[in-house]
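What follows is chain A paired twice: with chain B in the first complex and chain C in the second.
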Partner chain A sequence: MKKLYSNKLVIFSLVLPGVLVFVFGVLSPICLSVYYGFTDSTGMGEAHLIGLRNYMDLFHDRVFGRSLKNSLFLAIGFICIQHPLAILVAAVLDKLQGKAEGFFRCIYFIPNVISVAVIAYLWKFIYNPDFGLLNHVLQAFGYQGQINWLSQENAIWSVLIVLIWHGFGWGMLIYYTGIKNIDPIFYEAASIDGASWWTTFLRVTVPLMKPVIQINVTMAVISALKQMETVYLLTNGGPSNSTQFAANYLYQQAFKAFKYGYGNAIGVVFVIICVLATVGLNRIFREQQDV
Partner chain B sequence: MKKKRMAVILSAVMTAAILIGCGEAGSTRKDAAGSGQTSASSEDAVTIKIFSNLPDRKNGQGLVEQMIIDEYMAANQNVTIEVEALDEEAYKTKFKAYAMDGMPDVVSIWGQPSFLDEVLDAGVLAELQEEDYTDYGFIAGSLDGFKKDGKLYGLPRNTDIMLIYYNQKMFEDNGWTVPATYNELLDLCGKIKDAGIIPVAMDGGDGWPMACFLTDILVKVAGTEYADIVSRAVATGDFTAPEIQEATQILVNSASVGMFQMGYDSQDYGTTMNLFTNGQAAMYCMGSWDCSMALNQDIAPEIRDNIRAFTMPVVEGGKAGANDIAAWNGGGYAVSANSPVKEEAIKFLNFMYQPDKLSKYGWENGVGLSAQDQTAYLTGNETELQKQVMDILKDATSISGTPINDCGPSAFKTSIESEIQGVSNGSTSVEDFLAAIGAACN
Partner chain C sequence: MKKNNRNIAKVFMWIVLLIVAVIQLFPLIWLVDFSLGSSNEMFTNGLLIIPEKIRWDNYGKAFVDGNFLHYFRNSVLINTLAVVLVVIISIMAAFACQRMKWKMSGLVSTVLVMGMMIPIHATLLPNYKIYHMLHLTDTIWALLIPYAAFSLPQGMFLMTGFIQSIPMELEEAAVVDGCGIYRIVFQIITPLLRPSIATVAIMTFLNNWNEFMMASTYLSSPKWKTLPFSVLEFTGEYSSNYAVQFAVMALTAAPAVIVYIILNKHITKGVAMGAVKG
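Then we have the complex of A and B:
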């Protein structure tokens, strides 16, 4: 078998599919995107090279700036709200044991298996100020007025709640798996030392979960940056771009405004930001580990 | 030796798998091209692919389109027509993808600069011979939006009028009357709101209906100068004309006094229409294409039978009279320039536009007004709403032409349909709104 894997023909044939997928599925589109980013292409007909004009326009584009701010807001929301809750719930589930553990694990994961389109329309109805569930529930508790959940001021928070709810199960499941992999001997030692559940969670579980937290946080930031489907279906970036995100804005510019070249420029900057965010986070985590 | 043989077999399998993958794609293309050629050359098997923006095939315009398709296939047994229908937003996106990669044979189009300019520049639509349509009864000027450099590239389907639909029974029960001026409309909205009912259901989530509403106000402010003012603004990117400022301010004031439902700026077409058709809203602002509501069996009879419409009331101090209306010839059809069955597709298009087809069936199904003369098809059994709309058009002293959001390039359309949400809900000032849409024209 060892000889088989040292055969160049075998290595070549095993590597070739991956290389082809990478070249035609990843590298070529990126190269084409970089090229079109320097053109005035409308997506139809001829394209002309216009140098850095798209990038200069992007630099002054108020909506693109807003979409990046919204991505940052979402990432902070994920890190500060979704993930602490997910770790906590994962730790509680771990302690539940038995049938209840499996039952609640499934319950929390259900939003993840529902189609994004269904989720978006479901929440559209929940948020509707006239006949939505949320206002009806508030009125049942005595609230007299109506809240416009998707107004210019509230919409970004409403979107954040939907995204946190939708992605919660996935984050929780990763933390849950991480907790399950912690050697029980640490908990036994903590128990012998008389540590409470909360102290054990803070002093044993969380520190040992550091690698899992790092992965989850990186994934949360990337997920916030590339947010598209839910926002597209729930608000389409509105009202007046208040819930605009880079990927949705890219789509609008390239396919609705017929500014294909500009859309590609957004794509290039978007990829650079994603790569920088990933590298930056990895560096921060590595430095923390070194300390 | 055995391992070497295994290595060769493994390599061969991997290579074969890759080649099969590539080969299958190639053969699919060949088949597709082959079937296209068969369609074009064989008299016995012609397949016409239609790409439509009318996904509801059981009501309204989608039903009319499907009726004609079925009729054409029954009359031409060798022809198969395949329909792909998507709603407007998805349609426009996929249209562009098709434009890059090969269009279906017959497609829905809009005879407006925001859609057609880039499409015609790309040369994806086939030229039609205008003289072929002299006997088709097209209303004067209705073909203009579908032309470029004097050549015709598409045919209009409708004459669209911007309307304010209202529930007549609700009006009568509450003693409300149809307003004659914009101030009366605002007063009426106040009374309706006090009665706990939504005054006007507005689809502000999509942007374009509100832009059409702005067009309607601007027409009343600017009168017959509307088209000149808008085209000048689009050409220069300067939207500070006093008429545009005044119309925008009227829109802002209307929204701020609660003319529309709460959350109108995030609600879509279906939700908004439902507010009106289930009696939660007294009025509904939309085009004449929604006249089919009066025949829609899904709407409760007490509402369906009482739907009436009026046009935007005159604005005090405005240059337009009651009969200067916001109307245009928007949607229509075209044939792909590279269609392998171009001749058959044009033949089908011509069949569709025979005066006793699209026009007649449209009228019979309450789909509003055609871009062709429909007077021969009046039966006397029209709904009250149809008669009203017919009268509105008959009495019109001027029609506006293309709504403001469709007068500029696509980037302008995208911008105004998004920014109008902000200016109407007060989060953007009128000045910033006009500057933003002006910048999108450059």
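Then we have the complex of A and C:
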């Protein structure tokens, strides 16, 4: 058995495809990015090594700073608006029994399976000042006047709304699963003590859900950092970079402004930020668990 | 008194759930509603319309001019291949790292799973160059490689966990019977992993089915473009015909929604399993 399980050739053959896909799909593009980050490449023709100049420029680049601030804004928006709502709805849904439970769970998740391409275009119509759904809804509630949802001041909020709507089902589902895994004994104890639903929610459900909340918060921060597709189609970072994000910015710099080298430098910093954020959050939460 | 309270709570519960359901669903109902009318009807004041005449021909135009069938076929083919690749590769690699005895097993496993932290969009620029150099742009490989590469870490992570939970005794018995490693992996382990394979397949499908950023970067001709391009490339002659644009959006969203509603229990379970462990 031991001999069979340590046959080098067999091990090699089993691991090779995975390693190849990783090297070809992830590692080599990152390495190439590091190289191009040190050049003044325009995407075509010859490129010259220019040392750290791209990184110096990036350090002073206001738009990049704005991109990171926008990611932070999204992350806070997810954590303060989407997640409390999701956890609350999950807790209410858990109390519901029978067919209705599955029905609501199914409905909440539907937006999530729809392509961002459709979602972004649909919301462009919803936000349309002339015939959009949102202004019509406001009119139905008696508000007169037109709001330009995608103006410089409002656009980032509008992006947040789309993302909260689109991702709500996902967050809800994970909290819902977490709540289902809570031992009913805790609830029985709470009800013997005469605790109200709200007290039970705050004192029993939420504390027991801490690990799930931590996973979800980590994922919220990461997805705020990685945001690109929705913004690319909805606002393309505009008006005047008010909804710019790192991934969209590097794409624009490389393919629209023909600063391919600079775009790659942004990419390298972007990867580093994402890795640091993931590792950092995991470490913070792990230390908390140990205490 | 107590009973009364409980009834109020129940009504309140239903109201909350219904409001959320309306918010989640109404934009989609709006979409379908207006896709069946004519463009002029968009400028009414009501929230929804009752179309004067139901215009099914909007969907006809969307189907034909949106190139629906071609893009749908590409999406199904590419995503199925990506799922098969991810499942097979991750089972093999996870087995080798989890069960077999070699020095670097821990390191290789960690590195493969770490790929999860790398943002896909950072590879758009360099991959564009690489595929260009290797003459892979505009081929099916330009999508298959990155789709597999970015779903593999998750697949690997899930499979490692699942393989861990299979008792060693089964394999020991198989070895005594003279089974080779490959037979153990594919004939003994793989069938036991069936629920986990479903999870990995669902996660991979959800990750890639709606992807369009890489597709629009690495592909230039319509040959391998996928379903989102029905929407993305549908303007031009219909740029002022909103109703037909709505129809094309509804049509593009339909396959995923229909499959989700049919398989909703399995998908819910798969996502819950995958996400909590991921």
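The working rule: the second predicted complex is superposed on the first by the 285 of 291 C-alpha atoms of A that agree within 3 Å, B and C clash if a C-alpha of one lies under 4 Å from a C-alpha of the other, contacts with A are read in each partner's own complex, and residues count from 1 in each chain.
In this section, contacts are C-beta pairs under 8 Å (C-beta built on N, C-alpha and C of every residue); 3 or more make two chains touch, one makes a residue touch a chain.
None of the values given here were measured: they were computed from a predicted structure.
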Which partner does A:14 contact after superposing on A: first (chain B), second (chain C), both, neither?
both
According to the stated criteria, A:111 is in contact with first (chain B), second (chain C), both, or neither; which is it?
second
Quick check on the superposed pair: does A:263 touch chain B, chain C, both, or neither? Answer first, second, both or neither.
second
Looking at A:130, would you say it contacts chain B, chain C, both, or neither? Reply first, second, both or neither.
both
Going by the contact rule stated at the top, is it chain B or chain C that touches a larger number of residues on chain A?
C
Touch check for A:177: first (chain B), second (chain C), both, or neither?
second
Partner chain in contact with A:141 - chain B first, chain C second, else both or neither
neither
Which partner does A:168 reach: the first (chain B), the second (chain C), both, or neither?
second
Counting contacts the way the document defines them, which residues of chain A are shared by the two interfaces, the one with chain B and the one with chain C?
1, 4, 7, 10, 14, 17, 130, 255
Footprint of chain B on chain A - complex, ascending:
1, 3-4, 7, 9-10, 12-14, 16-17, 20, 42-45, 124, 128-130, 146, 148-152, 155, 235-242, 252-253, 255-259
Using the touch rule from the top, collect the residues of chain A that touch chain C in their complex.
1-2, 4-8, 10-11, 14-15, 17-19, 21-22, 24-26, 28-30, 32-33, 36, 85, 88-89, 92-93, 95-96, 100, 102, 104-111, 113-118, 121-123, 125-126, 130-131, 133, 136-137, 139-140, 165, 168-170, 173-174, 176-178, 197, 212, 215, 219, 225-226, 228-229, 232-233, 247, 250-251, 254-255, 260, 263-264, 267-268, 270-271, 274-275, 278-279
Spell out the residues on chain B that touch chain A in their complex, using ranges where they run on.
3-4, 6-8, 10-11, 14-15, 17-18, 89, 92-93, 96, 99-100, 118-119, 121-124, 198, 204-205, 207, 261-263, 265-268, 271, 275, 280, 409-411, 413-415, 418-419, 421-423, 425, 427-428
Can you list the residues on chain C that touch chain A in the complex?
9, 13, 16-17, 20-21, 23-28, 30-31, 42-43, 45-47, 85, 88-90, 92-93, 95-97, 99-102, 108, 111-112, 115, 117-127, 129-130, 145-146, 148-150, 152, 156, 172, 175, 180-182, 185, 206, 209-210, 212-213, 217, 227-229, 231-232, 242, 245-246, 249, 252-253, 256-257, 259-261, 264-265, 267-268, 271-272, 275-276
